[in-house]
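Chain naming follows the written order as A, B, C, D, E and F, and within any one chain the residues start at number 1.
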Amino acid sequence: MSVKQIVQVINPNTSQAMTATIGAVARAVAAPGTEILAVCPSQGVPSIEGHFDEAIAAIGVLEQIKAGRELGVSGHVIACFGDPGLLAARELAQGPVIGIAEAAMHMATMVATRFSIVTTLPRTLIIARHLLQQYGFEQHCAALHAIDLPVLALEDGTGLAQEKVREGCIQAKKRDGSGAIVLGCGGMATLARELTLELGIPVIDGVGAAVKMVESLVALGLSTSKHGDLDYPVRKTLSGQFASLKLD
Amino acid sequence: MSVKQIVQVINPNTSQAMTATIGAVARAVAAPGTEILAVCPSQGVPSIEGHFDEAIAAIGVLEQIKAGRELGVSGHVIACFGDPGLLAARELAQGPVIGIAEAAMHMATMVATRFSIVTTLPRTLIIARHLLQQYGFEQHCAALHAIDLPVLALEDGTGLAQEKVREGCIQAKKRDGSGAIVLGCGGMATLARELTLELGIPVIDGVGAAVKMVESLVALGLSTSKHGDLDYPVRKTLSGQFASLKLD
Amino acid sequence: MSVKQIVQVINPNTSQAMTATIGAVARAVAAPGTEILAVCPSQGVPSIEGHFDEAIAAIGVLEQIKAGRELGVSGHVIACFGDPGLLAARELAQGPVIGIAEAAMHMATMVATRFSIVTTLPRTLIIARHLLQQYGFEQHCAALHAIDLPVLALEDGTGLAQEKVREGCIQAKKRDGSGAIVLGCGGMATLARELTLELGIPVIDGVGAAVKMVESLVALGLSTSKHGDLDYPVRKTLSGQFASLKLD
Amino acid sequence: MSVKQIVQVINPNTSQAMTATIGAVARAVAAPGTEILAVCPSQGVPSIEGHFDEAIAAIGVLEQIKAGRELGVSGHVIACFGDPGLLAARELAQGPVIGIAEAAMHMATMVATRFSIVTTLPRTLIIARHLLQQYGFEQHCAALHAIDLPVLALEDGTGLAQEKVREGCIQAKKRDGSGAIVLGCGGMATLARELTLELGIPVIDGVGAAVKMVESLVALGLSTSKHGDLDYPVRKTLSGQFASLKLD
Amino acid sequence: MSVKQIVQVINPNTSQAMTATIGAVARAVAAPGTEILAVCPSQGVPSIEGHFDEAIAAIGVLEQIKAGRELGVSGHVIACFGDPGLLAARELAQGPVIGIAEAAMHMATMVATRFSIVTTLPRTLIIARHLLQQYGFEQHCAALHAIDLPVLALEDGTGLAQEKVREGCIQAKKRDGSGAIVLGCGGMATLARELTLELGIPVIDGVGAAVKMVESLVALGLSTSKHGDLDYPVRKTLSGQFASLKLD
Amino acid sequence: MSVKQIVQVINPNTSQAMTATIGAVARAVAAPGTEILAVCPSQGVPSIEGHFDEAIAAIGVLEQIKAGRELGVSGHVIACFGDPGLLAARELAQGPVIGIAEAAMHMATMVATRFSIVTTLPRTLIIARHLLQQYGFEQHCAALHAIDLPVLALEDGTGLAQEKVREGCIQAKKRDGSGAIVLGCGGMATLARELTLELGIPVIDGVGAAVKMVESLVALGLSTSKHGDLDYPVRKTLSGQFASLKLD
């Protein structure tokens, strides 16, 4: 770990402000030897609030994975709570790829017996539910909550969304019997530390969690398995706008 | 059902030959009042054999869903066994959207207590496994098999892949104790009828199954729910190559 | 599908009025080439509100399946929400057999991410729960509700039960976060279309759904698998009142 | 327990020989104060090898439950491995009702971490699979095996079926890593003790297990709950051959 | 069963009062030929209210299992609702070992379709949840409740805790739709009979249930499997305070 | 992370040799600012090969957790693949506590879609199975294998056990279709790196994985939740040999 390494943090939406926020959170927890490269796609959606948005964002994630790989980064973080394009990204990448929902959920199960999730719009709850099922954590999640504000309300400077997240966490602690809370949006990353202190329970941001997970895997010499399911994509012609995704 | 209706069958890969094959299979089972519109994306991947390919194909599916919607089609079929972009397509569509894996698996559970799946490359098995979990059919699937040939081998005219599918089905019937077999690739659609007759058990092709499912939903006045999770995408700026996906 | 085909719709209880209602709903959605044969057992229970009633009804279902088979019908619908005798009927039948709970639940998963159920007596909820588990849809059902009126209240002409169903659906939409509602009784079949329109979400009746499912399977050349678990019953002496169930 | 009590053991098929065998096994394990009343329906199927047979047998079970209840028996055993009519019988009965598959499976989980099942015809395996799911023991069952002989081969006096059961148990012990074996047919009840001794692992017969379970519940003052789901059947007219099932 | 047999009932905490209470309840349900030997560890925790307490109690359970085995008891009951040390005890024991949570939960599933649990401190709910998962009864438990009083409040002579348990059971019956209630603490054992009568539904105490289960297994000639997972512990040096646990 | 921190690595068995090995592996992956404190209980079992051994080891783990806490360590690793005493240790600890099975399984799901486990004695497989269920990874584990040698064979200097592990991993890669392998014993920790290189897939040792997980949680300011289930043990008298476990 004494060698310099780069962890690429990909904000799958096109919001520069959110990319900067996420980058700052990542840097705050990164190990001394880790450089954070915070990026977002040049094209796509300004926020991700459904499956349609995720499908578009997944392409942006893949473009950035390819770019990161060409830069020789050590690993990648997908910094949107739906972990869009995660398995596709793992196929394309050489290093480890970690989603922030994945990282936060995994860590939550290690500090509490059950956790709650607080996210943005109600329609994104189904995405979190499906991830819980896919990752194996249905029994570990006590309840899911939505503050009913769009993602970008977290960037509007009024603090309203932040206050709603705080209230949501307080309610979740009180009512769900959960020992920890998972913040359900990359844009909430800055709130984790202070809410952890205020509430007296682990309030977990996936951005930081994912950065540490990538660092850990790299330190252990572990990377995405290239045997079988997650092997590099089968070589084939990618036509039109997708041609640039092709591996050399 | 006496009114003319159009069912759009979207081949998510860019193979014209496979699109034609799939269209023909769809037409063969369509009701008298149903017109089949078989399409494929103008850009993308020539075959879909992993999550990376699926992520690209999902964009092509969305473009076609939008086009189909503007044409006023009654419903849509996603004719690739991984059902790429299914939930995103449901957000975008007004009518019902059915994936061929989904349709075939659902129907298999209604004619047999357990079924087997025969697909192409081993690396696509994980996609089928995840769909079984997502759709609720883990307990209904006895086994999954791969013939270990790429998708496009089904279009190479030698009949080798077809023979391997046939052998796979015969083995699956013998060894798995399954009452039905689900064909795990849109390119196998033409084989279902003859294998059903030869093997004496239901061998199910999802393309035909999905067309009938769309027709059924339309006849019942049922369409994709626009309340909550699958509501139209939140209106926002789609930048760059994705601008054309925006709903008017 | 241009050939005339008969779909037998079996009301497992002995209510002639409900049989007529169910038959009418079936006819309203049937394809042009489909003739609906609505029948009920000559002996049994006037309504089905528990496992005891179901056990009796299952014999009536089998008698009708045998009669239908001798008439050469193309397929069978079991028009009671508990799907009584479904697997036994599949053993006896040559064509496909579809239960209305099964059909409605399957279709609900294709138009919404999660659905609610509205049924009659609370004691029948456990039957629906077990079906959800058997069919694989536990994760797809957000909540179950009972209007706490017996099945035959739907036939008393006052409209009270219908109004309670309507209220139940409205509450379910509001509170459960479900995108669709499944009507949990064959006697509610007439309400689906109007409630779908009023509530603006798919409200699904299993009678219509099952008819379309049978038509679909027939069109696809798929029938109940006779390999293994659902093969015709082992030939043996059926004594006493059951002698008439014997296949020739 | 010093008072005399009757446990009714219902063989759901009409085989007098098997009824006698089952009665003898039940008596061999019954407590001093327990009288075993072994009965079978006067009408029905001579053996139960599928869902169709089970549907018929369930009516016989209900008739016997009613008769037993009128005699004032303390509890009931359903002595067929599919536990046909179990929940219907619980509705009708006042005392506890235990199925032999249920009893054997429950006991197996208390003496071993995982168990195997050895049954008769392969087509009955699906019934056992569904019971494992319904009772919650999918993870506790390592494997299911069928000797591929019909139920009545156990009564043919040649000992062939018994030898096949023995071989099946020996193989199951060797291959499955199971600590116990559940015998999957009431007709195998006589084999449990000797196989337990020969194999050195618990080989469990459900008939004996169910008798002890009924005795236990009675001694504890516990009976089938009449609150909610398993309350007595709703009073209604039972027509035709079913009239005799009506509670007074 | 005419031979005298000893069932050892181990209270895993060191409370003599609770040991006496549990012993009395066990004796009240024991068969004529059964002698109850109620014991508790000489060292350990006075009550068990968490995983830490359970870890300590497990050693006490093992010491008593060893002592009981040397006395030649027929079987063992672990009389704490978390079933502490159950699988370790099964390795050490020759006879059957039954936990009271296990016994109560199993029996509850045989008299009702779903049950509720009423226990002491909220922090012990997670232990019950994990047992439900381990035993396979997640789908059979409708809800868990805690009276929010420590275990020893059941021994303080005021009756306050007992009244809270009673209220908890009444609420659970009313709200959960459960047909039976499982008492979630050995110290509640005396309440089961009267609450069963007062509430009119089975209220199940695991102490009595476990005694009957041990008697049943013994009568059937079934004991803990010594093949594989639960074989006697591998012989090795046990150092320090644990030396006394060594089998001779 | 620039401050010096101590991660306590607890070998739950009393083998000094294995403690040294585990400590060395932990040091090899620790961050520059991390000091590894490798310890083992002064009393207990020399190796852990079943539930009985685990129960004893859990007490040793708790003693060490208490000692580590008094030393002010930042977090704790339980370095035995059964994660003995994990939840009890979390109650007692202030900092995070990670088991090596837990850490390895979590990481395996992030680098592969499915993994295999290779462990020592067959009787320990059930412990791994239960952990998979508890952690949520049943669907992520393709197969479990045992080399059928005791734990201490890994310390006998012959290399035989190591060769068997290697062969087990090679077979697992070939047959299971897994993308990664989890080594199922702390004593195998030294093999991970070389097998990862030789096999070309991630072969994961939990000791290293757990150390990185503790470091990650500490860096993120996350610790075991003290709200609810994992709060410090309720204060009570611990008698006899357990008195020393009491928190001040």
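Throughout what follows, a contact is a pair of C-beta atoms (placed from the backbone, for glycine too) under 8 Å apart; a residue touches a chain by one contact, two chains touch by 3 or more.
Per UniProt, the chains are A, B, C, D, E, F = Asp/Glu racemase.
As the structure is a computational prediction, the values presented were derived from the model and not from experiment.
Note: centroid distance subunit B to subunit C, computed from Cα atoms, is 27 Å. For the pair subunit A and subunit E, the distance between mean C-alpha positions equals 44 Å. Shared contact sites, meaning residues of subunit E that touch two or more other chains, fall at 87, 113-114, 122, 125-126, 133, 138-139, 177, 228-229. Viewed as a network of touching protein chains, the structure does not reduce to a path, ring, star or complete graph. The set of touching chain pairs reads A-B, A-C, A-E, A-F, B-C, B-D, B-F, C-D, C-E, D-E, D-F, E-F, using the touch definition from the header.
Interface residues of subunit C, counted against subunit B in their complex, comprise 1-2, 29, 31-32, 87, 96, 98, 102, 106-107, 109-114, 135-140, 173, 177-180, 192-193, 196, 200-202, 204-205, 208-209, 212-213, 215-217, 219-230.
Touching subunit E in their complex are the following residues of subunit A: 113-114, 139, 177.
Every residue of subunit D that touches subunit B in the complex is listed here, in rising order: 122, 125-126, 129, 133, 138.
Per the touch definition, subunit C reaches subunit D in the complex via residues 14, 42-47, 49-56, 58-59, 62, 85, 87-88, 90-92, 121-123, 125-126, 130, 133-134, 150, 228-229, 231, 233-234, 236-242, 245.
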